[in-house]
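Can you read through this structure? Questions will come right after.
Chains here go by letter, A, B, C, D, E and F, matching the order in which they are written, and residues are numbered from 1 within each.
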Amino acid sequence: MTRSAEPLSQAMVLLAKLEPSAPAKVQANLDAFSADAAELVLGFAFTDIVSREGIDLRTREMLTVAMLAAMATAPGQLEFHIRAAMNNGVTRGEIEEIILQVAVYAGVPACMNAISEAKKAFDVSIES
Amino acid sequence: MTRSAEPLSQAMVLLAKLEPSAPAKVQANLDAFSADAAELVLGFAFTDIVSREGIDLRTREMLTVAMLAAMATAPGQLEFHIRAAMNNGVTRGEIEEIILQVAVYAGVPACMNAISEAKKAFDVSIES
Amino acid sequence: MTRSAEPLSQAMVLLAKLEPSAPAKVQANLDAFSADAAELVLGFAFTDIVSREGIDLRTREMLTVAMLAAMATAPGQLEFHIRAAMNNGVTRGEIEEIILQVAVYAGVPACMNAISEAKKAFDVSIES
Amino acid sequence: MTRSAEPLSQAMVLLAKLEPSAPAKVQANLDAFSADAAELVLGFAFTDIVSREGIDLRTREMLTVAMLAAMATAPGQLEFHIRAAMNNGVTRGEIEEIILQVAVYAGVPACMNAISEAKKAFDVSIES
Amino acid sequence: MTRSAEPLSQAMVLLAKLEPSAPAKVQANLDAFSADAAELVLGFAFTDIVSREGIDLRTREMLTVAMLAAMATAPGQLEFHIRAAMNNGVTRGEIEEIILQVAVYAGVPACMNAISEAKKAFDVSIES
Amino acid sequence: MTRSAEPLSQAMVLLAKLEPSAPAKVQANLDAFSADAAELVLGFAFTDIVSREGIDLRTREMLTVAMLAAMATAPGQLEFHIRAAMNNGVTRGEIEEIILQVAVYAGVPACMNAISEAKKAFDVSIES
């Protein structure tokens, strides 16, 4: 493979699939921090990895929700990816199942934290 | 719902789907620790949660691999669930994608740890 | 043993011991998320495990405070369990000792986080 | 209060209560790393904190076992403190209860990791 | 070595170097929690360890920022230490580099959390 | 900026600075896992981030040691980066200081884990 030398535009296409309003907000947030952060971080996350074939975006967002809920250290990003998952076809029922499964592998407090973020995400989501 | 009062047999059916040789080994391991551990822990994990409809077992094992790899604190169980995922139809290519995605959300060391466990799992797996 | 097939009422008795106003609030919170969450999560946590004999509730709450403070990922639940511990006979002095011990095993930032939650809990607690 | 200016001897008295053979081994281990590590690290951990009144040593070791099992990042030290707890009057049954409670607050993998360490500790312990 | 028996005044000198207004605030915060917390916790952290020669304070604060950002469990303290680092000669550009490096070793969510804290710190910092 | 489209050779130059024998070993390890892992993971870690100007490699390795020791989930990689740090001019005394500082921010068990890895690294290092 040859990776993209200018990954930002492809990263933004992916980010827009997660949430249509996200690209402008995320880029502004990163640019206010450092000139290269958007290209480096989003380029790796979205262009290099999450855009890859082999697992579809809907399933990838389920995996991301599971990881963020289990780690329990990034609640704002968990809420974002619960919405992103639902924007890509994951149902509210599936989010409930993932978060119940978090109780098994990361414990009840991680599950309860994720429930708080899911309820915020459900409130602003069409599907809820 | 009414949950099962005697969840152990159903837990063992699920565990056998993950790996045919696991039920005997896991129960012996837990029984040597405490009289109630198998029923309580496996009953919750497998009968109450992982057996639930709403997400199929194949996808649930992908989620479990993602969570264990991201948490990076249970390498033996990660190896077990990589094998269990492959025993339930997850391809080696999908395991590779999940573990690359771990680098994004939990960092390169968690990804490298998971690669070590995956390589052990691939060695004893039919699919590899 | 045979575990309870309808664990919710027993879980609520335990939860009321932790804090009299908690059962209604916690059940409403979980029911708004998913139909089965209260029975599954509280059934496991409180009916299956925390209600068990072998360690009294007062000591179990000390252990829970220690675990939540060391993990440092669920501040709201840490505050709740500091109050619950004090509602079950743990003294303010003992909470102070537990949180100082957290500095040894989980580091000063985890200790400082726990101090913030303890101060909130002390403010609303009778004992403080 | 005025803390001890030469905390090492008091730390060693405490460490000998945890396990009679530990002081020589732990000091040799730390001295081989750095000239000041034993005084600084053991002085803080054992002389400043764990020796304090307010919670007895038996209960403190239960708290330490709970924290180390929940964090799941120091298996060797978890095994040591399970033995230390039992050397100070904690029963095997109480260790079992603590580790089952870990499943609630830190998840099943942390519980399973702790079971492995407990079984090693039980094998070399008088009480088991 | 012989460690200080009355470490609080030296800890406060160090803390004032991190941020001139910090000593009064931090001591008041700890004293409101427990009579001995300031001496024990700040004595260990600042007098015993961070004041040591062998690594200068500027580099130590870079290390602290890296650790807190990677652990991702103490955002308020991360913001404080980003400011403290800059108060001791670490440039904004170096903070940016540290936080980008966090993405490699602890993942993108930890990096994004740290960016949020850095932006707060930059806003109140002279250097930004 | 425009990031490198073929980052692998530059990553290998960096990796050789960390440890001369590492490039062949690391690439073989990653290639045995997946065709793209070396380019994606090493490209991001080493070409995109760790090669950047703004912080010199010696200081970057100190930061990496601090992060890995604080996270306490990748002992093999911690040992590697302690050696890499020393291969790039970090002294044994500085490694000792970093690891003592880990006790403050991540707790004594993380410090003790890091001491174990440091002692392995010192044994094979020229400087020790």
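Definition applied: a contact is a pair of C-beta atoms (placed from the backbone, for glycine too) under 8 Å apart; a residue touches a chain by one contact, two chains touch by 3 or more.
These numbers were taken from a predicted model, which means no experiment stands behind them.
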Intersection of the contact lists for subunit A and subunit D: B, C, E, F
Both-way neighbours, i.e. chains that touch subunit C and touch subunit B: A, D, E, F
Most widely separated chain from subunit C, with each centre as the mean of CA atoms: F
Residue-number overlap at the subunit C/subunit F interface, same or different (half cut): same
CA centroid of subunit A to CA centroid of subunit F, Å: 28
Distance from subunit E to subunit C - Cα centre to Cα centre, in angstrom: 30
Junction residues of subunit D, two or more chains touched: 36, 40, 44-45, 49, 68, 71, 73, 96, 100, 103-106, 108-110
Sites on subunit B touched by subunit A in the complex: 44-45, 49-50, 52, 54-55, 59-60, 62-64, 66-71, 93-94, 96-98, 100-106
Contacting residues of subunit A [partner subunit D, same complex]: 103-110
Of subunit C, residues touching subunit A in the complex: 29-30, 32-34, 36-37, 40-41, 44-45, 68, 71, 73-74, 77
Subunit B - residues contacting subunit C, complex: 1-7, 35-36, 39-40, 43-44, 48-49
Residues of subunit F that touch subunit D when the two form their complex: 72-73, 96, 99-100, 103, 108-113, 115, 118-119
